[in-house]
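Two complexes follow with subunit A in common, the first pairing it with subunit B and the second with subunit C.
For the complex of A and B:
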């Protein structure tokens, strides 16, 4: 009946259906936080490590191709509700948080060199922690849901306005290293896609509908690929470890003809990174509070932020190298978590 | 107090005397009379009852009655035959009798009867219905709510002539009971909404609730939330639109405003004008309001942060002008911004409180002395003056006073964050505020719905669709009655095929 009104999202006839729709909407908003977090990880991976091409060990990259997918499938079958499996995902989230905080603090340091590096890190971590405490899970999920359009617009502006003519020979720096090297670099980025596992863990309903889950899982891949392609058009190509974090992040917009576009690209990072970091901390808080319901909220909210903050403040020089080595392994870890979840489920079923 | 009346008038009068402190309180009038062969006592509050009404409809008919009645018969005769006033009811307990008396009713106690009779002959001094002062419109009705609850309910009934309009009378306050009306449309407003709101109002455990603002704070979901969780309006047409959309409306005796719950952030950006004008104009006005809101919240903070930390983002000519104008200013840009916002808030507050006669002098002081003279004296730069004025203008574009106030407080936060941490500070504070607002609820409903989380909704959220496409009520209405129109809304203009 209500389908006649074109503006409706779904047909609703009674209170139960409306209730169901509300739960789905909340689950969808919650899953979006995982998507934003995953997309940010992929884009950061391309910006920081994919930029320098083929720096990863070959065997790691080859190994990591199938693992994230296997973990996701396991979590799918396990229902994603196992408490222990949820806790097993925490190291991946911790790596994500450290990576995001490192990138954000480096960027702020580049924008405002007047302040010490650690001050920015403390401010960012404190604001994210406060946001988590004040806004609860619904706030983070719904707020990210509102911001998604804004983020998308900034993402497009930050990249499209680089004003580089899209000549194919500018892809050469990537392809010139040889297809295997380029492919392996891309594969090492698959570690970032472990976040797709969160799609199956975060909502209260254990198994989301196949279509929606598949679509959401595919989205971050597309964003990562688009970002990599845009980097391919960069001219002149400027690889190297000597680039500072802010320079790397603003790599695309560096060639923007207009200063406003340059600023918009900066704004994209300033919105994307804190939002992703908050989403990441929220995921950790959910997993911990699911496993230990009695844990104080302030503690579970700081579970990821505090170690990440310590790592960023105490190891500012070593952290990029360590992250480079560790980040691809998130896929393997997520796969292990998925397998553990499946095993636990089977054991419970056997009892 | 005694739970029921005695059959003896003297004891009942002593009871009332104790309850009403008659030996000290000279405002309560006691008229003793002989009617129906019995002694009677009539109580009323001086000034709350029309003397001629009481004489014509209560006292005279009683005195004319020659027949004798006793006990239950006497009460029956009074309520059914003798009293000529339209509203008469029996009151079984002294507590209720005192409550009725305080609400302006006459209370009659007859000897040998164990019940009193309350008669509504209220007539008191009140303000007449006038135009709205805080929600003015160019097109549309100009009536606004007034203080007496009954008049406000009359306005609602007149604008919404349907038996489905339910007005539940409740009282709030344990010692001083103030009348509250909970209004909703049967079948359109969900039962859960009514149940929750009623329970929140009646469960308020406080001696007295003097204003609707206090009631608002007692029934809202989160007392620490930065934005209002009810829509407050003084326009009956707006209250009617809330009712038609499935929300419940609370009216408070003595307050010329109503509260509507549940609500969302988007309601605070809607103005009555939007619906009276064509959909294109309404949409345009809402976009302008949103731009005003963004300017109000972010402009001072972004300006200060860019000039202090990211001057390279500005065009060179503009940057040169700003630096030139700031070269004679002795205080830092952040302090200057805080000072200007504080002065603007001061002007705003003073403008609200100032008596009308002094308005012109006030305008002179604020524009000449605080504006031009401050620039000439090198206290503030003209650029910042423009920025603060623009942001103030943006806050005035918001139709809801509470929202505009919240935005003005928020702009201080953003300014401080921008002045101390640059654009990262603005972004982080913006994120904190957005997520905090996104986590808010109004009567259990998410604050940013139906945009986030997504819900079924009418295309009248930010942009308005043509009226014929607005087929749904809001998602706050009962899902079973969510459709406003069945079939085609416009049944003309399409030729029949031969």
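For the complex of A and C:
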């Protein structure tokens, strides 16, 4: 118990203080998992959809995503305290899980084409499921917390320090295909920032201060913007090119000056995607077990993984089209769910 | 301990493949040609022994309807899978590079699963396969080491344009400007193993009239101008392959040849001069040279170089990229039609 409290870096003198510190540390770790999930979704949105639509102006679309992110954060900051309100976010989590599993399986398929596509999906989902089942309640969140600097370093090596010939003049013509197109691209990306709601739903704690909430929200958004900026700097492919999943994921790294950077970029995806998928499954488990405490852990852990696995294995060809169609709506759904949670809270307060 | 184990596990994940490293073939060079019947010929130069020693190099080649078809035929005819992570040089014949769009060819190569993105792309006069076969590493050196040293030397002498595979694909996809590809050829006199008849000191008269080849014109030795052969490029005692200048790309194809001196000037201008454009009231191209340095007194040569590139329609000095910064949107940039204005643009070098 006292050992776990060491994560807070604060000296504790009794058991109660240790419990309190431990709870705080767990809350921070849960917020970090929300940051990792949102950052992964933003990075994937730029890679799969954003750059193809806005090309060199994709960073502006990523910057514009601050507006929907702020809206979602405001709604959930004000209203997301009911134990059942989080259940409204399950459809968004399900889409996240399907997207992550699709990207990860496509990447593994590119790395080892000899293995069956479905085998990769089953292996990945099974590993995530077992990780959730075998770990302690706080295990996934604390494990992600341990990996935070490792993930950040890999991200920086995969973009900022890729040692590719990134040049600022590639960002011109500065408005790309025009402001309306940039705004429309940002609209399609609103689905990637819904994860900001998890910052306030996952931790079962009092809300953070407004300043802290803004900082937590800005972190994944900044990561997404930096990723988009490097796509603009490098022009990794011509928009409209028909690329496979693995080619898209390694598109930026293809322009690395060194094979080591290229491999490290691959390592980034191989760490980020499974960690994010496990965090996603953990979020679903937390939300379900909070609403239905009697639900068996094996069931709640498979709540998101099983449908995502079935979608990836049974609809390998249709899934990309479905994802393209459905993913942008996650933002609207999260905002609507936040508004509903706020109304419920006000109604309860009125009683 | 747990973190260390996790890190090791993550690092191991990147190398998960069922093929042992020693049971793969690692080509060092790749060549692309177009045969008379319109099919593509792909050649690979790989070490004979699996341990990578300099025991000798085999050249394998196959033909197909597309480069990927040819590669598939090649892969099917050898016992071990190909791994392109050690490729240093991709040679494309001048004829192919000037007749076919380069983007699909090079993108296909770049997207090979194990391809090395920073392999250099070069144009070979005559047959790329012959040029590849003719190159020999010096003094028992490995071919990969020989090529690494050669590139380093060319880079130091500022005669190596930035033409890595990934750069070429990116610039071809972007389309706002062009680039140069290093040009190599077999010196027939050196190939006949008569090194004593050759000048031992690289250099010579590089200031004479140089040759420009019409798009699609097949290369022949008769067209090889003396000033190109007497280039300033490094030459080794036994290697008959000479790096004689560069090929200029325009609109996705090779459109002409620059001499070694012109290539050096172009690389120096790209590295150290400031480039500007004025787009209002007619396109104007400006090169502002550094106050002191290697480009002192080269104004006339640079002006002549720009005129040559304008005549070829090749924006290898990347003025297009700079001009595009004057426009707010892609539509405005497209409407300006830089490509049409570039050949007639005024130039100023100061």
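As a convention for this text, the second predicted complex is superposed on the first by the 282 of 351 C-alpha atoms of A that agree within 3 Å, B and C clash if a C-alpha of one lies under 4 Å from a C-alpha of the other, contacts with A are read in each partner's own complex, and residues count from 1 in each chain.
Simple rule for what comes next: a residue touches a chain if its C-beta (ideal position, glycine included) is under 8 Å from a C-beta of that chain, and two chains touch if they have at least 3 such contacts.
Given the structure is predicted, the values throughout are model-derived calculations rather than measurements.
Asker: In the overlaid three-chain picture, which partner chain does A:146 touch, first (subunit B) or second (subunit C), both, or neither?
Answerer: In the superposition, A:146 contacts both subunit B and subunit C.
Asker: Of subunit B and subunit C, which one touches more of subunit A's residues?
Answerer: B
Asker: Regarding the shared-chain residue A:247, is it in contact with subunit B (first), subunit C (second), both, or neither?
Answerer: Second partner only, subunit C.
Asker: If we overlay the two complexes on their shared chain A, which of subunit B and subunit C does A:267 touch? Say first, second, both or neither.
Answerer: Both partners, subunit B and subunit C.
Asker: So, A:349: does it touch subunit B (first), subunit C (second), both, or neither?
Answerer: neither
Asker: Is A:111 contacted by the first partner subunit B, the second partner subunit C, both or neither?
Answerer: A:111 contacts both subunit B and subunit C.
Asker: After lining up the shared chain so the two structures overlap, which partner does A:259 touch, if you call subunit B first and subunit C second: first, second, both or neither?
Answerer: both
Asker: Share the list of subunit A residues that count as touching for subunit B in one structure and for subunit C in the other.
Answerer: 111-112, 114, 146-147, 259, 262-263, 266-267, 270-271
Asker: Okay, in this complex, where on subunit B does subunit A touch?
Answerer: Checking each residue of subunit B against subunit A gives 190, 309-310, 312-315, 421-425, 427-429, 431-432, 434-440, 446-449, 451-459, 465, 469, 471-472, 478-480, 482-483.
Asker: Which of the residues in subunit A come into contact with subunit B in the complex?
Answerer: 1-2, 4-10, 12-15, 17-18, 21-22, 25-26, 28-29, 107-108, 111-112, 114-115, 120, 123-124, 127, 130-131, 134-143, 145-147, 259-260, 262-263, 266-267, 270-271, 274-275, 278
Asker: For the complex, which residues does subunit C have touching subunit A?
Answerer: 3, 6-7, 10-11, 13-14, 16-18, 85, 107, 110-111, 113, 116-118, 162, 166-167, 169-170, 173-174, 321-322, 324-325, 327-333
Asker: Going by the contact rule at the top, pick out the subunit A residues touching subunit C in the complex.
Answerer: Those in contact with subunit C are residues 55, 110-114, 146-147, 150, 164-165, 169-170, 172-178, 234-238, 241, 247, 254-259, 262-263, 266-267, 270-271.
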